[in-house]
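Right, one structure below, let's go through it.
Each chain carries a letter (A, B and C) given by its place in the written order, and its residues are counted from 1.
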Amino acid sequence: MAAVLDHIHMGANNVYTTAHDITQTYKIGHYDGGFMSSITVGHKAVPLGGGVYIEIESLIDPFATSDLTKLPWWYTKALAAPEKAIWSGLCLRVNTMEELGEIAKRHGGVISPRAGRRTRPDGPGVKFWSAPSGPKVVNAWETGRPNWYCWEDRLYVHPSGQPVIPAPGLVDVQGVSWLEMGGTEQEMADWLGQHPDTLNMKFNGKSLGLYAVAVKTDMGEVVIRRRSATE
Amino acid sequence: MGLHIDHLSLASPNIFRSADALCKEAGLGYWTGEWIRDTAVHIVPLGPPGNFIEISGFVDVHTLKNMDEHKQWILDITETGDHFNGLCLGVDSMEELEQFAAHWKTKVNPFNNPDPAAHFQRANGYILPMASTPSGKRSVWMKGLPNVYYYPDRTHHSSGQPTHPCEGMVRPTGIKWVEVGGTEEELSTWLGVPNVGSVLPLKFNGKSLGVWAVCVGAEEHDDIVIRRPAASDAVPVSKFAD
Amino acid sequence: MNIKINHFALGARNIYESATRLRKETKLGFWTGEWVQTTACHMVPLGNDQFIEVEGTIDAHAYLKMPKPNYTYDALDTDNEYNGDHFTGLMLGVDTLEDLEEVGKRLGGGVTPDWPDPYRHFQRPDGYVLRYQSAPYYAPGSGKSRPRGMPNFYYYPDVPGRTSNQPVVSTPHLVVPTGVKWIEYGGTAQQMADWLGGTDSEAYKAMRFNGKALGTWAVCVGVEGGDDIVIRRPPSAASITDDSKYKNAF
């Protein structure tokens, strides 16, 4: 079965102000996603409808480590961007671990040896598996390419389905209508193993990565542009 | 997941009082605000892979001026308090749901019925797309029998929504078993699923049909067993035999 | 003493349907889960510490056993363009228990006891018990009761826990209310002035009188960055033309 869009990563300098800015500017709500297992990274989720969400992340504890190599790869890029936030990752979803394993193998890697985890302020831990992973596999997001997740039987608590804060004037989000990607359609098709049209991707021929996300809402289409992580 | 338990329905004379009592009894939180026509539900998530109890009851007493068989059944089974009145199974695809419909020689209640009044609606207006079978004038619940559901989009499943905080709250880790009336053979025949006791975590007590208890695991806590009589204990299923 | 508008009771046949319809009409959000005995409310904050409680019966057996005729149920049973919605009460607020006792005494009664049983108070799902006392309270058997259609008075000791301060369910297109601007009330200015003990209060100054059946007929709510909202519903008294058969006041 073809993979579907799962989430989009926005690396930011400040998860609070960036989430606030997204809600104020685009009238799309968010909620507190807690913190990642790396503990230096805080998380807010922006449901977009259609089973998709943006995850905004930033450092929340700059003193957690003095080893700068442990800081997220996107952090300095986010600081350098005009909005202090960048599109730093695109993630697709498959339904089964078998499918995830096949994708990992096709890319010369394996499924991540440990599940990814996030701790929510109010709920059970969030757990997911990703691919491709492995010593010879470069982090897909750092090269501007999508990776894949599997939530196993945990779709019932998928981040895209959780309630957002009650801010005034929010629009009703109805899914992602298109994505603007760098590179070419053929490059992406080769990477994905499925046609990019299945993910409503358009291509601008620039360096690989995500450049814009268009969200369908009851008040019309909203386009969110940010610098791509590879720019 | 294949065929699995999705949720249990607990009919209540006062859903607020019942949810409060269950919370104090078991430490299970619940969320509020979902309704359909004259009925509302408080949802008690039970943990992975996505189970819940829906505590249901009338919230529009004015509709009782126009009684029907189903409303009378609800009144009768809640006269003496909470009764489990529904075992709701789930499948992972529309094809599997249609197989059950074919087995019962009936149709699927579609998830995309355009009439919003035909759906459960949450406090924020969200309607969860939900297909089920069997379809018909009389609910099979009245005979103590389960029905089956399919959700094309599980990301908003009722079991995953956040609850109000609850004093002494525990974190449920899922259904361990459900005690039902009747025998495995009876249920296997109804569902057309041989040896259903090895497919679903069911215990059979040979009493009247329906749910009698559910056991839920909880983090750093003893298992929680919630016992309430089956609806058939209050109103025999023979009343609806035809 | 200052007497303020505290809240409005909007009686509904189905609080879920009514609150949803009110939100579509006004873009005012609500929150759910509060209840006391056989009544539940969806709460609609109006800003300025004020709110509407959309209230209804959620216990069918209690309703069936209730002595009838019942004034409020008969009012709600009367069809109107709002699916039977009626304003069933106006509740005013005072700042101290001493003020409340003074009101109760002036009106020939007292204040409600601070019932020790939490289930005699509004409860929320998180276990919070909304404590309040009201006036005038007339002891059972005293032969006295509050005249139908006149507001009663409330005192809440816990300000942060107030109903009007709780977050609403997130829904698209909500507006931010800024408080009640005026109320259209039945009866005359003199009737209300006599009941309130004067015309100096914040509550009295927000009232306009239409000479019709006693009770709230409309509420005007301000909105941040938007047009005022006027919520019109008839009061119960508008639908009960002969109240002589009703023993209970409300």
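We take it that contacts are C-beta pairs under 8 Å (C-beta built on N, C-alpha and C of every residue); 3 or more make two chains touch, one makes a residue touch a chain.
Note that the structure is a prediction, hence the values are computed from the model and not measured.
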Pair joined by the larger number of C-beta contacts - A-B, B-C: B-C
Distance-to-centre winner among chains (Cα means, whole assembly as reference): B
Between chain C and chain A, distance of the C-alpha-averaged centres to the nearest whole Å: 47
Between chain C and chain B, distance of the C-alpha-averaged centres to the nearest whole Å: 35
Chain B: positions in contact with at least two other chains: 124
Multi-partner residues of chain A (each touching 2 or more other chains): 163
Shared-contact residues (touching 2 or more other chains) in chain C: 169-172
Chain A to chain C touching residues, read off their complex: 29, 163-172, 218
Complex contacts: residues of chain C adjacent to chain B: 13-17, 20, 30-33, 35, 38, 40, 42, 56-64, 73, 76-77, 84, 123-127, 169-172
Residues on chain C engaged by chain A in the complex (per definition of touch): 29, 167-176, 224
Sites on chain B touched by chain A in the complex: 1, 47-50, 124, 153-157, 159-162, 171
Contacting residues of chain B [partner chain C, same complex]: 13-17, 19-20, 23, 29-30, 32-33, 35, 38, 40, 57-64, 74-75, 78-79, 121, 123-125, 163-167
